[in-house]
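Next up, some structures in structure tokens.
Presented sequentially are two complexes of chain A, the first with chain B as partner and the second with chain C.
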Partner chain A sequence: MSDQYDVTFIEQDERSAKFLVRGITPAFANGIRRAMIADVPTLSVDTVRVIENSSVMFDEQIALRLGLIPLTTPDDYRPEETVTLAIDVEGPATAYSGDLVSSDAKVQPAEEHVPIIDLKEGQRLELEADAELGYGKDHAKHQGGVAVGYRHLQRVELGDERGEFAEDDPEIIRGVIEDAGASETSRAAGDGGELVETASFDNDLGNRYPDRNVSVEDVPNAFVFDVETDGSMSVDDLVLSAVESLRTRADELEDAVQL
Partner chain B sequence: MSYKCSRCKRDVELDEYGGVRCPYCGHRVLLKERSRDIKEVNVN
Partner chain C sequence: MMVPVRCFTCGSVVGEHWEEFKQRAREGDEDPAEVLDELGVERACCRRMLVSHKDLVDIVSPYQ
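Then we have the complex of A and B:
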């Protein structure tokens, strides 16, 4: 395997991205996916000190809800550091994640409108919460990547013209295709073809090429990743630290095993 | 130990001789109030 991988972005946002990676094995692709879910540390509430809780839920239930609120995680945090968040809401009102006041301006709830609990007249929630770094493999609250997956890149080649009385079955495919027949220029270039999301033609190749026969094949060692974060970090940071953790563990293994 | 009478809603201190009974209205149902201590909970 080479040191350089060919990465093409298909879609890129702060919190979600879709990108094509060429030249990696299926095992490596799955390694990256697993690292994104389980091996990238994020901050989450770990200990809660309840000062007053006259709401209808137990302290433990509220603590669990606080733990599941994603917090923005700056990359300079060390595992033993803690951030304190405080909340004080009096009913009638709903306590939202946005009501949390953080001791570190860089650590904030990723979403302001996560409801913690609905408080009625006379009920009050006042507490302090300590957030710590942790890994997704230890607790789901520390998962940075929440909807992470990959698919093979599929290559679509155009065949001959379809007969007038050919059957009209839909040709459903999902993901991203490498369209060899999309344009004269891409065919002339000889490599690959235009990258098209199947959603753009309703996942049915029959819509895109109504009167041509097509053949669809997986492109070997090319994977389209679909990554979404919970907001604790950007997709770029998530993918890079996942790959970094994979590299660190590979180095550790190399040091530990003497051949 | 501080309790609250469920009928007259007044705070009640129990001693060992009086039995479980509100000294103000004689009601026998008392509610235990939540402690004012700060309670520490682990998230897991």
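Then we have the complex of A and C:
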């Protein structure tokens, strides 16, 4: 396998991205996906010290909700390091994730408007919570990547004209296609063709090429990743730390089996 | 009771959209599908979290 991968971004945002990687094996693509879900550590509330909870929910339920709130995770934290967050809200009011006060300014709730508990007159929620750096493989609350997946890049080749009385069946495909038929110039230039998201023609190739026969095949070793994060880090950080964790573990294995 | 913080299936944070969704689609008369599209809640798994939710705090609180 080569050391250079060809990466093309199709969509890029702070919290979600779609990108094409060429030159990786299916096993490596799946390794990256799994690393993004399970092996990139994020901070999440783990231990809660309740001072007063007179709300309608039990302490444990509140603690679960706090754990699920994504916290921004700076990259200088080590596993088992903790940050303390405190909350004190008195009813009638709703306690939001934004009411959490953190001991480290860099660690903040990624979303401010997640309702934790609705407090009525005379009810109060006061507690301290310790957030811990943990891995997605230990608890889903530490998963930085949300709905991470990949698909083969598919190449569409145009065939001959469709017969006048041919059946008008839809040709449904999803993901991203490499459209070799779209322009002769791009094919001459040697690249596979224009990258088109299937959503742009309603996932039906019949809409894009109404009167042509088309053939669709997977492009070997080219994968389109679809990555979203829960807000604890940017997509760039998530993907890079996932790849880094793969590399670290590969190095560890190499060291371990050396004679 | 309270709206779930995350989607059960995919884990994306949906709780933050609840109050706007409730105000516009439940109490207001907007089409829930359009509100969800505007809020950026795309997947069916996340959409059902909000569509099928009912706040129970008001119902339970008198019996504390």
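The rule is short, and it goes like this: the second predicted complex is superposed on the first by the 257 of 259 C-alpha atoms of A that agree within 3 Å, B and C clash if a C-alpha of one lies under 4 Å from a C-alpha of the other, contacts with A are read in each partner's own complex, and residues count from 1 in each chain.
Basically, a residue touches a chain if its C-beta (ideal position, glycine included) is under 8 Å from a C-beta of that chain, and two chains touch if they have at least 3 such contacts.
Here the structure is a predicted model, which means the values were calculated and not measured.
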* Asked: So, A:Glu111: does it touch chain B (first), chain C (second), both, or neither?
  -> second
* Asked: Touching A:Val83, do we find chain B (first), chain C (second), both, or neither?
  -> neither
* In the superposed arrangement, does A:Leu100 touch chain B (first), chain C (second), both or neither? -> neither
* Asked: Of chain B and chain C, which one touches more residues of chain A?
  -> C
* **chain B versus chain C as contact partner of A:Ala35, first or second or both or neither** => neither
* Which holds for A:Asp230: it touches chain B only (first), chain C only (second), both, or neither? -> second
* Considering only the touch criterion stated at the top, classify A:His139 as touching first (chain B), second (chain C), both, or neither. => first
* Asked: Which partner does A:Asp59 reach: the first (chain B), the second (chain C), both, or neither?
  -> first
* Where does A:Ile69 make contact in the superposed view: on chain B (first), on chain C (second), on both, or on neither? -> second
* Intersection of chain A interface sets (partners chain B, chain C) -> 54
* To do: Please give the residue numbers of chain A that touch chain B in the complex, ascending.
  => 44-51, 54, 59-60, 63-64, 66-67, 139, 141
* Which chain B residues qualify as touching chain A in the complex? -> 34, 38-44
* To do: Within their complex, state which residues of chain C touch chain A.
  => 1-3, 5-6, 10-13, 15-16, 18-19, 43, 55, 57-58, 60-61, 64
* Which residues, counting only chain A, touch chain C once they are in their complex? -> 54, 56-57, 61, 65, 68-70, 97, 110-118, 120, 140, 143, 146-147, 228, 230-231
